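Here come two complexes built around chain A, the first alongside chain B, the second alongside chain C.
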Partner chain A sequence: MENLGSSEVTRFLIAISIMLFLGRTFGELFRQIKQASVIGEIIAGILLGPTLLGSFFPEFQDWLFPTSGVLAIAIDSITTLSVIFLLLVVGFEIDLSIVLQQGKAALIIGLTGMMVPFIIGYGVAFGFPRIFGGDENSNYIFFFFIGISLAISALPIIARTLMDLNLFKSKLGMTIMAAVIFNDFAGWLVFSVFLSLIGTKSHSLEIHNTILVTLLFVMFLLTIVRKGIHKFLPWIQSRLSWPGSTISLLMILTLLSAAFTEVIGIHAIFGAFIFGIAAGDSVHLKERTREILNQFVTNIFAPLFFVSIGLQFNFIQSFDPVIVAAVLIFGSLTKIIGCGLGSRIAGFGKSESLTIGFAMNARGLLEIVLALVAFNAGIITSELIVAIVILVLFSSVTSSPAVSYFAGSVKIFSIKDLLDVRNVIFTDIRDKKNLIREMCNAAAQKTKLRPIELFTLVWGREEQLPTGIQNYLAIPHAKVDIQRPVLLIYILKETIDFQAFDDKGSRIICLLLSPANNPEIQLNMLAQLAEIFKDLSFSQKVLEMKTPSELISFIREHI
Partner chain B sequence: MNFSRIGLAVTFSPTGVALLSEAYRLSKLLEADLVLIHVGERGESLENKLKEMIIKAGISDGKYDLIWAKGDPVRAILSAVSENNIDLLLMGALEKEKSINYYLGSIARKIMRETVSSILIFTSPSENPEEFGEIFAVTNYLEGCEKVISTAYNLAKVGKSPSLTVIREFQLPGLGITVSDSGDLEEIEKNRERWIAEEKEKLNFFLLELNISDPDIKKVVLFGKEGWVANEYAKEKNAGLLVVSAPKRKPGFFDRIFTHDFEFTIKELPKRLLIIK
Partner chain C sequence: MENLGSSEVTRFLIAISIMLFLGRTFGELFRQIKQASVIGEIIAGILLGPTLLGSFFPEFQDWLFPTSGVLAIAIDSITTLSVIFLLLVVGFEIDLSIVLQQGKAALIIGLTGMMVPFIIGYGVAFGFPRIFGGDENSNYIFFFFIGISLAISALPIIARTLMDLNLFKSKLGMTIMAAVIFNDFAGWLVFSVFLSLIGTKSHSLEIHNTILVTLLFVMFLLTIVRKGIHKFLPWIQSRLSWPGSTISLLMILTLLSAAFTEVIGIHAIFGAFIFGIAAGDSVHLKERTREILNQFVTNIFAPLFFVSIGLQFNFIQSFDPVIVAAVLIFGSLTKIIGCGLGSRIAGFGKSESLTIGFAMNARGLLEIVLALVAFNAGIITSELIVAIVILVLFSSVTSSPAVSYFAGSVKIFSIKDLLDVRNVIFTDIRDKKNLIREMCNAAAQKTKLRPIELFTLVWGREEQLPTGIQNYLAIPHAKVDIQRPVLLIYILKETIDFQAFDDKGSRIICLLLSPANNPEIQLNMLAQLAEIFKDLSFSQKVLEMKTPSELISFIREHI
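Let's turn to the complex of A and B:
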C-alpha cells in the first residue's frame, strides 16, 4: 500500500488546518455581522486559492494546495467526505410529512418555485447558450443543468432568515419551510436524473436503467430502511453507548448509501442526501444526537468544503460579467416569479407572495455542489461556476433584508407593530361600560366597523368573562372582520374593576381587535400583552408616563 | 353534554360484550340514547346470539335501538351513523395493527379516518366498565379545537375524572439546520424556551376564552412531532382517555407512509381515544 511521505503528511495537516482556521474565522466574522457563515467560508477559500494567494505567492500556494499529485487527492478525499456528511444533515431536515401536513399551498408553491425557473432556465440556455458560457455545441445536458441549478433553494439560509425575522413559528413561515422542503426534494430527484445523464458515460448502466434503479433506491430507502431505522433506533439508543453508537451507525449507513449511488452512476452525495431524509424523519432520533452531528458537520466539514471551492477557481480570471449578469437576473427573477405565482394561486396576498418569493430565492450549498459535479464532468465552464457562486453569495446577503421589507406588511403577530401614538388616550372615565363604548367608538373609526356592533361584541365578551389580568392591566377584546389586529391603549386616572386576578383594579386598558378568520392571532396578542405587563414595576412606570409618545417609547424600549 | 345519541358497532368478537357494557355505562352517564349497529344478514340465530350478548352486558329491553346494516362494513356503519343522527360512535380496535393492515387500512382505522361523527375507541374494553380516569385533550387552535376541549372538560366533570390535562404540541421543521447557518445551540435553546413560554401563555388565554378557568386543569406544552409527542406523553402518564380533533381531510396512503398528526395518534392507540368531529 502506498503511503503519504512525512513531508506530504506535514503539508496535508498544515493545509487542512489553514483551511479550517480561515474558514471558521471568516464564518464567525460574517456571523457577527448577521450574515450567513457560508459567505465567509467561501471568501476564505477565494483568499487562499489562485485568486489571491496564488496571484501573489504562486509557488507557496502550489506547495500548500497542489492541483495534482497525492496531496491533491488527499485534500479532495477530505472535501468529498465533507460534502457527503453535509448532505446527510441537510437531508435530516427534509421532513416530507411537513409537506403533507401543510397541504396544497406548500405543494403548489414548491412546484411552481421549481418548474418556472427550470423551464425558463432550460429555454434561455437552449436559445442563448452563450450567455451561460455555452456554445453552439451545447446539448440538452447543459440546458438541463441551467434549468435545475436555477430551481433549487437553500433550506439552511431560508430557515435562518425566518428565525431572525421571527417568522419561523408563523403560518407563513411553516408554509415557506414546507414549500422549500418539497422544492429541494423534487429538485434533487430531478438532479439525480441529471447525474445519471452525465454518469452513464463512465458506468455500465443505460440511462433508463439508471433512472429506474435510482427510483427504486429512493423508494427502498424511504420505506424499508426508514421503517428499519424507526424500529431499531430505540434499541440501539437504550442498549449501546449514546450518542456515540447512534452517530457511528448513521455515518456508516450514510457512507454505504453514498457508495451505492456512486456505483449506479449517480453521485455519492445523492445517496447521503436520501439517507439523511430516511433517518432524520424518525421520531426516535434524539434531538441531541441530531444537534451534535449538526455541530460536528457544520463546524468541521462545512468550512472545509466551502473553502475548497475557492481553492479550485480563479475568481478574477473566470469572472465574466455577461454570465454573472445572466445568472443573477434569471436566477433571481425566475425564482421570485415562480414562488410568487404559486403563492398567489395558493391564495396568499401580494405582500405575502413577495415575502415567499424572496425567502425562497436564497441559494446555497446545493447549487454549488451541483455546479461542481457539472464542472468536473466537463459540462460547464469555470466562468459559469464562478457566476453561480456569486449568485449564492448575492442571494444569501439580499434574502434577509428583502424578506424583512416585504414581511413588514404581513407580520401581524408582534405587539410592537401595533403600538401607535395615535391609539393612546389618557382619560378620567370611571364607568366600565362607558369606557368600553368610548373605546369601541374610537376603534370603529380606525377599522370602518360599525360602533354599535363592535360594542356589542366587546361588551358581550366582557360580561361573559371579565378581562382583567393583573398589575393594573385589562384586555377587553373581540374577534372581528378585519385583516390586521388593532390595539388601543387607554390610561385611566382611577381604577375600574375588570375583576383582575390580583384584585388591584385596572388602569391600563388595552382594547384588542383581531381578525376573526385566524383565532391564533388573538391568542398571540393576548399572550404577548400579558408577558409585557407581567412585572408590577413595569406597569407602575407605564402609569407614570405623561404623554402618548412617552408611553409608546417606553413600552417599545422594554419589549 | 354534547352527545345525545350514542352508537355502537356490535360484533361477535371476544370483546363484544365488554363493548356493550362500556356503551351502556356511557349512555347512562351522558343520558344519551343507545343505538346498536350490526353489519350482517338478519336471521334468527344471529338475533338470538346478539340478544344473549345484550343481556350479558346488563342492558335492559327498551333501552336501546337495534339497526341491521348490510354491505361493506365501513360504508354500512358510516351510513347508519349519518341516517340515525348518531353523534358519538363507539368501537373496539386493536392498539396496534400489523404493518400490512395498517397501510392497507383495517375497518376500524378506515372508520376513524373517514368518520362522520365523533368516535370513542376502546382498545381494552371491560365487562365491568371503569371511570375514564385521567383525561388528556390536545389543542392546535384550528377550527374545531374548542369543541375538543369543552367536550373533554364536560366529560371530566360528568365522569368525575381525577384530572384534565390540556396539551398544546408544536413543531418547527428545519430548526436544527439553522445551526448550519450562523446559528448556535444556545440561541436555538433560548428560542425554544421562549416559544414554549409563549405557547403556555396562549394556552391560558385559550382556556379563558372558552370560559374554562378551573385551576385544577393542567396545561402542558410539548415540542416535537405533532400527534406523536402528545400520544407518547399521554401513554407515559397512563391516560385513561385521550381526546383529539378529527382530521380536516381524509388521510391518504402517503399520510401513512410519511406519518404525521392524526396518523401518529391512530398508529398506536391509547387505552381510550375520543376523536371529535
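Let's turn to the complex of A and C:
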C-alpha cells in the first residue's frame, strides 16, 4: 500500500480542515440568515479556490490545493466518497409513495416543469449556442445538456424551504414535494441516458444497452432490494450490533450500487441516489440510524464536496456576463413558467401556481454534479459551469422569499425559533408585580412597544386569571402589535405564587408576547410550552442550569 | 483538482466496500463469540491481503489493492483519515480524573506495568537482537522500540473486556482503567520521543526541541484547549445548529491537532488522541454528539483501518516462529509479571493481582500503529510486525477468559444479554395455568431442566404471590439450577389476570429463570424488567409488534 509521505499527510490534513472550517462557518452564517447552508459552503469554496485565494496567494493556494499529484488525488478520493454518501442521504428524503398519492397534479406539474425548460433550453441552445458558451460545432449532446440542466430542480433545498415556511405538511407543500420528487427522479433517468450519450468512457456496453441496464437496475433496486432491505433490517437489528450493523450495511450497499452504475457507464452517484430511495423507504430504518448518517454526512461530507466545487474554477476569470444572463433568465423563466403552467392546468389558483413555480425554481446539488460531469467530458466550458453555479446560488437565495411572499400563509412558530440566550435572565426578584414590570420593561426594549402599555396588558391578564401552570412554570402573556412572537425566560431564586395547578409556586417564568393579528399563534405557543415542561424532572433540570447558554442549550436539546 | 478516472473510481468503491463488508462481517462474528470485533477486522484484512487472496489470485488482489499508483493513494488517504478519527474517539474514553482519583495504586501498577516490559524488552533486544528480527547492527532505536512496544496496553480492548464482565464500575475495574490510562498516556509520550529519535523525517526541529514542543503541546491541549472547549461548547450549542456544529468543530480541531503533531515530527494520530482526551472530558459534549461520532467511526472508519493492516503484510511469508515466540512470551510474561508485581506492591491480593495482570496484557491499536510507523521508517522487519499483530490478536483473545477466570466475580447480567428472538412467542392461550405450563415446557428444553419441576416452582410462586406488575406486564419467575438467567417472552392475544397493580390484566408475560446460587441476579433482573416497562405507551408499542424480530429489535432500541 503506497503511503502518503509526512509532508503530504500534513498538507492533506490542513487542506481538509480548512475546507471544513470555512465551509461550515459560511454554511452556519447563511443558516443564520435563513438561507440554505449549501450556498455558504459553495461560496467558501470560491474564496479558497483560484478565484480569491489563488489570485492573491497563488503559491500558497497551489501548496494547499494542488491540481495534480498525490495531494490532489487524496482530496479527490475524499470528495468522491463525500458526494456518494451525500446522494445516499438525499435519496433517503425521497418518498415515492407521496408521488403516487398526489398523483395527477404532481405528474402534470412535474412534467411541464421538466418539459418547458428542456424544450426551450434545447431550442435556444440549438438556435444560439454561443449564449451558452457553445459554438457552431456544438452538437445535440450540448443542446441536450442545456435542456436537462435547466430542467432539474433541487429536492433538498425545496424541502428545507417548505419546512422553514411551515408549508411542508400542507396540501400545497405535499404537491410541490411530489412534483419535485417526480422531477428529480425523471431528471436523473434522463441524466443517465445523457451520460451514456457522452460515451467518452471506454465501456463495453452499447448506448441502448446502458439505458436498458440502467432501467433494469433502477427497477431491481426499487423492488427487490427495497423489499429485501425492509425484510432484512429487523433481522439484522435484532441479531447484530445496533445501530452499527445497519450503518455498515447501508454504506457497503451504497458503495456497491455506486460502483455498479459507474461500471455500466453512468455516474457512481446515480447508484447511491437510487439506493438511498430504496433503503430510505423502509420503516425499519430507524430514526437513530438515519440521524447518525444524516448528521455525519451533512456536517462533514457535504461541506467537503460543496467547497471542492469552488476550488476547481475561477469565478472571475470564467465569468461571462452573456452566458450568466442567459442561464439565469432562461433557467428561471422556463422553470417558473413551466411549473406555473402545470399548476394552472392541474387546477391551482394564480398565487398558488406562482408559489409552486418559485418553489420549484430552486436548483442545487444535482445541477452542479451534472455540470461537473459534462465539464470533465469536455462538453461544456468552465464559463457555463460558473453560470450554472451562479444560477444555483441565485435561485436558491430567491426561492424562499418568493415562496413566502406568494404563499402569504400564516406561519406557525416553534418554541425553538424563539429561544435566545439574550432573553434569559437569572433574578432574585421576590415580588410578582415587580417581576412582571421588570420583564415588560425588558420586552419593551426588544419590541419597541411602550413598557407601560405592555405592563397594563400582561398584569391585567395575570390579575384576571393567574398563569401558573405546573412544575414551577408560569407563562404570563399578552397579544400585542408585533409580527413575530417574543419569549423571555426569567429564572427566580425563590418561588412566587402564580397559582399553579400543583401548588408548587413558580420559578420558571416565561413571558410570551404574540401577534395580536393572529390569535392562533398564542394558543399554539402556550400549548408548546406546557408540553415542553410536562415533566417535573425536566423543570428541575432546567433549574439546575447555571448560565443562559447552558439553559438554552439544555432546552433545545430536549425539544 | 486531479480527478480519479472512471475505472479508478470503480475499483476504489469496490475495494472500500469489500474491506468494509469483510471487516464488519468478521467483526460481528467475533463479537458474537464475545471477542473484540477488532480481532475479526484484522483477520479480514489478512484474508484480503497478500497472505490469502494474494497467494491464490495475485492479479485480482493487485487490481483491487495495488501497492502503488492512484488507487493506492486513494485508499491510503481514507485509512489515514480513519485512524485519525479513530484515535479521537479512543481519546474520548480516557478520563484523566479517574487516574487522579485512583492515585497511588494506579500509578504504581501503571509504572511497573510499563517499566518491567520496557527494561526486559530493551535488555533482551540488546543481548539477543536476532530473536526480534534485528542483527548485530541494530542500535538503541531498535532496542527502544522493542521495549516500548512490549510496554503499551490497549485501553479500548481492556475497557470493553471489563464492561463485558461487568467489572468496569467495581473498584478493581476502576484501578485497572486508571492504570491503563496512565500506561497509555505515558506510553504515548515516550512513543513521541521515540518518533523524534527516528529522525528520518526532514523536520526543522532538533530532537530535544521536539520533545519540548510535544510536552508544551500536550499541556496546552489538556489545559487551555480543554477549558476553552468546555466553555465554548454551550455557546456554540445554543447559537448554532446542533449537534452539527459540534461535530464539525471537533473534526476540524482534530485534523488541526493531527497536522500539528505531524509537523513537529511525531505522528498525526498523537495529536488526534490528545485532542480526544481534552474534548471528551467536557460534560458539555453531549451523549448524542459522542454517539454519532462513535458509531460512524466504529462502524466505518475503524474497520477500514484495521483491515488495511492485513493488506500490507504477508502473514505466512513473514511468519518467523522464533520471533513470534519471542514476542508472545516476552510480551505476555513481562506485562503480566510487571502489572501483577505492581498490584502486589499496591496491596492487592494474589488473585486480584493476576486479574489485573491479565487484563492489562491486552494489546491493540497503539501497538500496531507504533509498529507500522517503525516499519515505514525502516527500523523493524515485516517479520516483527507480523509477530506483533499476532501478539495483539493472542493477548486480546486470552485476556477476557483469563480475567473472567481470576476475577471469578458475580456477574450482573443485563436484560439486553437475555433477549433472543427464539424466546419470543405469540400465542392465543387464555388460561393462566396452561400458559405457565407451556412456558415451562419451552424453558425446560432450553435449560435441560425437568419440565414438571420447573412448573411446580413457577406455579407455586405464582399461587403464593401473583406476578402481575403493571402496563400489561407479568413476570412469573423461579430460581433454578442454571449458570445464566433465561428470559422467555410470550405475547398474548387477550389479557390474563396476573393481579397487576393497575388492574389491567397482563399480555406481556416474561418468564424469568435465574441461578439459584446467586439470589441477587433475580432481584436485579426483575427490577430491570419493571424499569423497562414503566411507561404504558412503551408496553402498547411492544404489543403492536408483529414478529419476534420486530419486538426484540424494538426493545433493544429502547433500553
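Following the convention adopted for this analysis, the second predicted complex is superposed on the first by the 404 of 559 C-alpha atoms of A that agree within 3 Å, B and C clash if a C-alpha of one lies under 4 Å from a C-alpha of the other, contacts with A are read in each partner's own complex, and residues count from 1 in each chain.
What we mean here is this: contacts are C-beta pairs under 8 Å (C-beta built on N, C-alpha and C of every residue); 3 or more make two chains touch, one makes a residue touch a chain.
This is a predicted model, so every value here is computed, not measured.
Participant: Could you tell me if A:89 is touching chain B, chain C, both of them or neither one (first, second, both, neither)?
Facilitator: Only chain B is touched by A:89; chain C is not.
Participant: Classify the contacts of A:241 with the two partner chains as first (chain B alone), second (chain C alone), both, or neither.
Facilitator: The second partner, chain C, only.
Participant: Using the superposition on chain A described above, determine whether A:129 touches chain B (first), chain C (second), both, or neither.
Facilitator: Neither chain B nor chain C is touched by A:129.
Participant: Would you check which partner chain A:338 touches, where first means chain B only, second means chain C only, and both and neither mean what they say?
Facilitator: Neither partner.
Participant: In the superposed arrangement, which partner chain does A:298 touch: chain B (first), chain C (second), both, or neither?
Facilitator: Both partners, chain B and chain C.
Participant: Let me test your reading of the model: by the given contact rule, A:187 touches which partner, first (chain B), second (chain C), both or neither?
Facilitator: Neither partner.
Participant: Counting only touches as set out at the top, which of chain B and chain C does A:283 meet: first, second, both, neither?
Facilitator: Only chain B is touched by A:283; chain C is not.
Participant: If you count the residues of chain A that each partner touches, which comes out higher, chain B or chain C?
Facilitator: Residues of chain A touched, chain B against chain C: more for C.
Participant: Scan A:113 for contacts with chain B and chain C and give back first, second, both or neither.
Facilitator: Neither partner.
Participant: Taking the superposition as given, does A:485 touch the first partner, chain B, the second, chain C, both, or neither?
Facilitator: neither
Participant: Output the chain A positions appearing in both contact lists, the one against chain B and the one against chain C.
Facilitator: 31, 37, 291, 295, 298
Participant: Name, in rising order, each residue of chain C that touches chain A in their complex.
Facilitator: 1-4, 6, 9-10, 12-14, 16-17, 20-21, 24, 28, 31, 37, 65, 67-70, 72-81, 84, 201, 234-235, 237-245, 247-249, 251-252, 255-256, 258-259, 262-263, 268, 284, 286, 288, 291-293, 295-296, 298-300, 303, 308, 311-312, 376, 419, 421, 547-550, 552-553, 556-557
Participant: In the complex formed with chain B, which residues of chain A make contact?
Facilitator: Residue list for chain A touching chain B: 27, 30-31, 34-38, 89-90, 92-93, 95-101, 103, 155-160, 163, 168-169, 174, 177-178, 180-181, 222-223, 227, 281, 283, 287, 290-291, 294-295, 297-298, 302, 364, 464-465, 519-520, 522-524, 526-528, 530-531.
Participant: Taking the touch rule as given, give the residues of chain B at its contact with chain A in the complex, in rising order.
Facilitator: 99, 141, 170, 172-183, 185, 188, 191, 195, 197-198, 201-202, 204-206, 208-209, 211, 213, 224-226, 228, 249, 254-255, 257-261, 264
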